[in-house]
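Next come two complexes built around chain A: one with chain B, the other with chain C.
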Partner chain A sequence: MMMLEQDTGLSLAIAQIVQRLKGSSLHSQLERQARGSLHKPEIKLDSLKEDIKEFLKTSGWEKRLQNAVYSELNVFPSPCHPAAPPEHMKEPLVYMRKAQGSWEKRILKSLNSMCTELSIPLARKRPIGEQKELLNKWNEMGTDEPDLSLFRPVYAPKDFLEVLMNLRNPNYENGDQPSFRNHLGLIQVPLKVKDIPELRDYFSELGLNTGQLGIDDSTQVPPELFENEHVRVGQTVLTEQDSAAAQQYVRQGCPTALRAELWALILNISNQPEDILYYEQLKSNVIQHDLLVDSLIYKDVKLTASNDDYYFVFEDYLYQVLLCFSRDTSVLEHFSYSSATPPKSYIRGKLGLEEYAVFYPPNGVIPFHGFSMYVAPLCFLYHEPSKLYQIFREMYVRFFFRLHSISSHPSGIVSLCLLFETLLQTHLPQLFYHLREIGAQPLRISFKWMVRAFSGYLATDQLLLLWDRILGYNSLEILAVLAAAVFAFRAVNLMEVTSLAAAEAVLADLSTLKVMPLLQIFLFATVT
Partner chain B sequence: SASPAPEPCWMEPPAPSLGHGAGFPMAPDPALCTVRSPVALQVGDVKTDLARPGVAVIDVALPPTQPLDLQEIVFKNSYTAFLTVRVQRRRPCDVGREGARKWVTCLWNHCLMPSPHTEAGSQDYFSVFRHQMLCDVDQVTAVRLILRQPSPVWLHFTLEELRLYPRGQQSLQTGFPSWLSNLAPQQQPENLHGGVPDPEKVSTEVQQLWVLTEMIRANQTAARIGRFDVDGCYDINLLSYT
Partner chain C sequence: MAKNKNAGHKGSYGYQKLKEREPRACIRFKCALTNTILDILRRRPGWVEVKEEGEWDFYWCDVSWLRENFDHTYMDEHVRICHFRNHYELTRKNCIVKNLKRFRKQIEREAGKLEATKCDFFPKTFEMPSEYHLFVEEFRKNPGITWIMKPVARSQGRGIFLFRKLKDVIDWRKDGIRSDDQKDETQVENYVAQCYIENPYLIGGRKFDLRVYVLVMSYIPLKAWLYRDGFARFSNTRFTLSSIDDHYVHLTNVAVQKTAPDYDPEKGCKWMIQRFRQYMTAKHGAEVVETLFAEMDNIFIKSLQSVQKVIISDKHCFELYGYDILIDQDLKPWLLEVNASPSLTASSQEDYELKCRLLKDTLHIVDMEGRLTGKEKRIGGFDLMWNDGPVSRAEGNVDTPVNESFMANTHLGYNNDRKKQLKQLFKPLHTQQKV
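What follows is the complex of A and B.
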């Protein structure tokens, strides 16, 4: 997409990052530090600029700036060609933009009809009494048992899968006759996905000769061989506070004791006083206004996380995070690089007047069935609500949003589905063919795993090892590789089933799986 | 009266794209030219032959009295995999001479889609600059774009929004932010008719400055306001579909 000459592209990227960091709290802190340093004896007037730069380096502020720049580079795509309109950065393919628009319209209609059927407003200011009550039970919202029977989730992953199955490029030869042009799986769009040689190169740190947490820290392996040294390196990375080094490090897995800090370093979350204040502001927004999506969140938590053996203890945390998340307008920024568009409405009585246009919910994200499972695993790592909140928000705007929007991005759910189907078809052709023949298209089973990033399907320690790699590689492709690896692991049983239901049963319980050996075997020990 | 609802920065109107004559201070306007529809090169009967030709040609005619010193070709791809560009140039030795001018290849097999069976690059915007070209592209009188798409899976392929840009002739306008000029290379772009600084370098720098200005202009972010309501009110209608 960045088809400019080298220097212009670089200047553009620099200008963009400077623009985004200007006015950030880091910027004002740096200014303050620089001004404060003027009193120091080592700062001389005739070499002022150099001395201040040296001071910022030794005091660790340059590193913080580096981390902020690194974070921007990871999150935002490279600048587009100047002729490209903003929607091109969201999603370059026109037919995908249209499909996402239609899907969003369906969701809006569903939400609107729920609103009219139940005669519940989309948003309501709480009376003072209710506000006080909610404030008092903020830490135990799980004890509430509101009547949620009339609410239904706006959509479930399988509805979304139906939409993706019907995605077609109008310029592609989608003939009725089976031919090499038609994919044998459910996804029929010709996106570029990596093959095994490319994946081996991309995930080279997961190779057989590299130590991994999740394999080389098992009880049979003496810790002197890998684990001790790996922990030591991790502690050094934390002392240095270097985001880029941390991202490289976690590719081999995080030691449990260091994981929370390492993830925070990679996501550039420092939980400054202003961040805590911001969270408190969001909390007061929740107290003041009641939103229809709150009921959807309650329902989702009750249906999913509360029923899960690992996560039910965190129910209260989930409300505290998700209700605040819905009110957070800073999330709107991610729509510049997401193919999605936030829903819009107008203040009552001011329909069509742009000064009275607002987004709904304030963060523009309508939760679907299973959404709370994105937050649940993080509760194992972070217990302070404002930090837990920021970590989740950053994970969402970097990764999770791609799992429920239609785009051509390599980490988007469409690419992940195609990658999964292609890997399976190429490396387990008999299994793929057999499952197709019995009406059990493999994607029908694995889709829900990938949409939830395997949360709620794997044991928690395994899930966290998987999410280490998502952060380490800044990509969700590992989800598709794991899905294929799971099918490969249970291939023998799957070859014997004769129906979709039986195939689902074989793959119903993933809680005993160890993800790293599965990934290693699939990527590096499979004959290609 | 209510204060305006805060809009996130990405809702700002997009920077007008190149060549719509929106009057940028520094960007040259695209050259006037006639772009013909792509013609598929096919052996055999066009109507009955089922095989896809895979090659098409777009001819661009320039006004004969105004040969172009080509700086940049900009276009939006539409499923073309490889691009070759040939030009006809007016040469001093041609004066008074009749007969066909020679076609010269200035860009050969430039890859737009690295994996022609798949989407990557299929709808992206591209620029090709004069310094990427194989030959001198001054005094161009005609341009021929040869498009290739070896993959048979696509129904159509072409290039859209094709624009040719001449070497910048406008002098720099004043009034852009001062810190921007500090970012730019030390040498101020000068009137090109003076001819003293290397015109190549200068026009590249002008290009860079223009691009930077547009970036800044498109991203006039106010600090995040953080409010989702309008004056404390969030009593809203149903969601709109537009």
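What follows is the complex of A and C.
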């Protein structure tokens, strides 16, 4: 299916997608379908190719292929120059790669020292008795009360912020004296971020003249004006099973009853038997081996999600997802386009010998304080463990990984921080200056919101409306815009505070905020 | 003015005897509780707390005071009190069973068997010891199911136990010793044996029940309001039938949960009912959830109708009930019980705010200030659910005739944008002249 195009970029992209899809289960399913169709009367020998194509189209398989291609396009970045080394796809800027590398070294060091201090191996095989016990308790692991007092999270968002604050581009020297006109924020790297006119264009579907769920479905607005039609369109999108259409649709918000299916369609998750089998395989890995990171996961869940007024109910699901996630080697694939590199560990006594190197944890992702909050909101939508698992995994490898790795990507946390600070400084300069003067740099407060994609800070229904837009625009930039909008909303109170603690107090409770009106006002109704 | 009959007719403060619905200069209140309701009453503009023996226009009393004093307290027309004299017809477990059974028979006679099944929301219950033999018969017909023994008059989960073997009941009956609380004075305490719902709907593997608030302003005619807010109370531990003795698993009352070993007071283990409604909608779709909530409406109305003729409908009385509803795995709601004094103590900040809203709006409806026309269908977070007949959601006030596409005027679990609504409600009324 290679087409000869003049645009080498396009043909390269096509070649790569074909390469990736060739090994997938979809490919074998398509082959099976095509072969099976040979028995059908409408398939004639002299027009074999066209007839099979027609058959695949009418039976919905072409749509499935389209969705898979669309998914690949969303997840993988466009290929760069064929001569570019693979690190470029991870992160084109050298200084960013270096910074990420040192950060990773620090994390691994911290993990190893905890391991040595507590004399706990990074991994061990469970004795049979323990395996049986865990299997019995699988659905209620939350009832376990292991002694976690000696464990501490490997790092917290604020540690990460310190690292980002110290990022510098060694090639950049603007020669200006630090002045009011310079960037006053904590992030001091010159990345390109969108300004409000560009954001208005980018988020055009959030405009004042377009209906939104989260605004136009409130009790004051008669449902005939927007909501009913929007729900009807959503049902049509689901019937058509079209990923691209779904992605466009959710920009205006998902109706509660349709959200789970729409997200699954966008993320191209269909929960096939082989997916369920894969999840069961991961589960048996958990039963057989105990990892040090498991304790970190337990600790995180107990500290964050279990204490949340709404998510505490889902505690057991969180273990079922996160413990399996740590062992999922398919997650390693995302490192090809992430600036991060999975940490390596060596079998005891074989330090430095590559044949004895393993990725640790198996999925290469070391959880930090608050990690479990990425999963918690999904428990509202998905109840079948393997489906919940797949949705979370896909969300992680598409979006969440960017929130805790150093990169120049527009959806990376560094860009988001810079976007936030720039928006605030440009449109609320008095507020920004005031907060800076009293030692309350705005990013110090909003950083944790963005790293967690606002999970645990907003009310659940509002959070889901926000994540609708993350999926719809395939970008995390909306997190930075919302953070700025929150500051704008509480600007009057913030102007009166005189300390960081007081500023934190004003912004401590976001649970009453309505996300969509805030975004609309900030983007479309503020005079620039 | 409310006072004992042996006092003089004119109030000692020299107030003129005002007509019932005239706005009063100041409303004198008494409050038997020291929790949220007291805060709300104290903060209400124009309301003044009176001392022990002073005369009052409004009394948030407790049921023991009512039992001892109601019958010999004279109350002027305008005076309001927060309980009906014989509310126990609805709230005591043995009484509600009796009333529902009788009501069901009546419906069956008048409207047929199918219609009568709408009353089947109360788990099979037998009074003990009077219906012991009937209970044994039923027990033998359904071997293996679990039953729950509940004291008729106690609350907060005290004195309850589960059993599956008749032997457990026989032993218990012989001993005359109750499972706990020997300090109780009552010698012969009535119990009920109720069929235990073994397949509750679980969220996150946990059992929960719903607390819903219904305000009844009168029984004859029946006028009842449903509050939009409410909450789901979760058991702290995972549900399993194997641990019948684990009190903490089966009883979701917050009071019992609070004594469970792994109870964390910071946790709260409650979901606002809006979150519950959203969760269910995401899981089952809007239509299924509409049906579930409509069935709950049915529970509220039928239960009130069943006691309509027995409760003394004194116009001084109103009552705020806390309904406890359990949902089973087939999405059928069951009535566990009705509380005449639902807890007004807050378990968290969010809970406090809910109870403040609830009580403020209750006082708006009681309308000591005489601001309402009586034709309103919504006041704050309360929607008028029954006004001597079903109330429709359609535009217009209570007098608008009900048309073909009837949708009930209930919004349980909906957004409670009460502030806006109250503003709109009270603004024009202030400028009107009252007759």
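One rule holds for everything that comes next: the second predicted complex is superposed on the first by the 512 of 528 C-alpha atoms of A that agree within 3 Å, B and C clash if a C-alpha of one lies under 4 Å from a C-alpha of the other, contacts with A are read in each partner's own complex, and residues count from 1 in each chain.
Following the convention adopted for this analysis, contacts are C-beta pairs under 8 Å (C-beta built on N, C-alpha and C of every residue); 3 or more make two chains touch, one makes a residue touch a chain.
Predicted model, so just to flag it, every value in this text is computed and none were measured.
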Exercise. For the three-chain model obtained by superposing on chain A, do chain B and chain C clash or fit?
Worked result: fit
Exercise. Touching A:L332 in the superposition: chain B (first), chain C (second), both, neither?
Worked result: first
Exercise. Looking at the overlay, what does A:Y172 touch: chain B (first), chain C (second), both, or neither?
Worked result: first
For this session: Please indicate which partner A:L38 is in contact with in the superposed arrangement: first for chain B, second for chain C, both, or neither.
Result: neither
Exercise. With the two structures laid over each other on chain A, which partner does A:V221 touch: chain B (first), chain C (second), both, or neither?
Worked result: neither
Problem set entry | First, second, both or neither for A:T460, with chain B first and chain C second | second
Problem set entry | Comparison of chain B and chain C by chain A residues contacted | B
Problem set entry | Contacts of A:S11 with chain B and chain C, given as first, second, both or neither | first
Exercise. Is A:L135 contacted by the first partner chain B, the second partner chain C, both or neither?
Worked result: neither
Exercise. Which angle, to the nearest 10 degrees, do you get at the Cα centre of chain A between the Cα centres of chain B and chain C?
Worked result: 170
Exercise. Taking the superposition as given, does A:V94 touch the first partner, chain B, the second, chain C, both, or neither?
Worked result: first
Problem set entry | Smallest separation in angstrom, by C-alpha atoms, between chain B and chain C in the superposition | 30
For this session: In the complex, go through chain A and note every residue touching chain B.
Result: 1, 3-5, 7-8, 11-12, 14-16, 19-20, 23, 79-86, 88, 92-94, 105, 108-109, 111-112, 115-116, 121-125, 169-173, 181, 189-192, 278, 281, 285, 289, 327, 329-330, 332-333, 335-336, 343-348, 351, 354-360, 362, 408
Exercise. Where on chain B is chain A touching in the complex?
Worked result: 2-6, 8-10, 14-15, 17-19, 74, 76, 78-79, 115, 117-120, 122-127, 129, 131-132, 152-156, 161, 183, 204, 207-208, 211-212, 214-216, 219, 221, 223-230, 233-242
Problem set entry | Residues of chain A defined as touching chain C within the complex | 139-140, 142-143, 145, 218-220, 255-257, 259-260, 306-307, 309-310, 312-317, 379-381, 383, 460-461
Seminar exercise, completed: chain C residues touching chain A in their complex are 203-206, 234, 237-238, 262, 264, 266-271, 274-275, 278-279, 281-283, 285-286, 348, 350, 414-415, 417
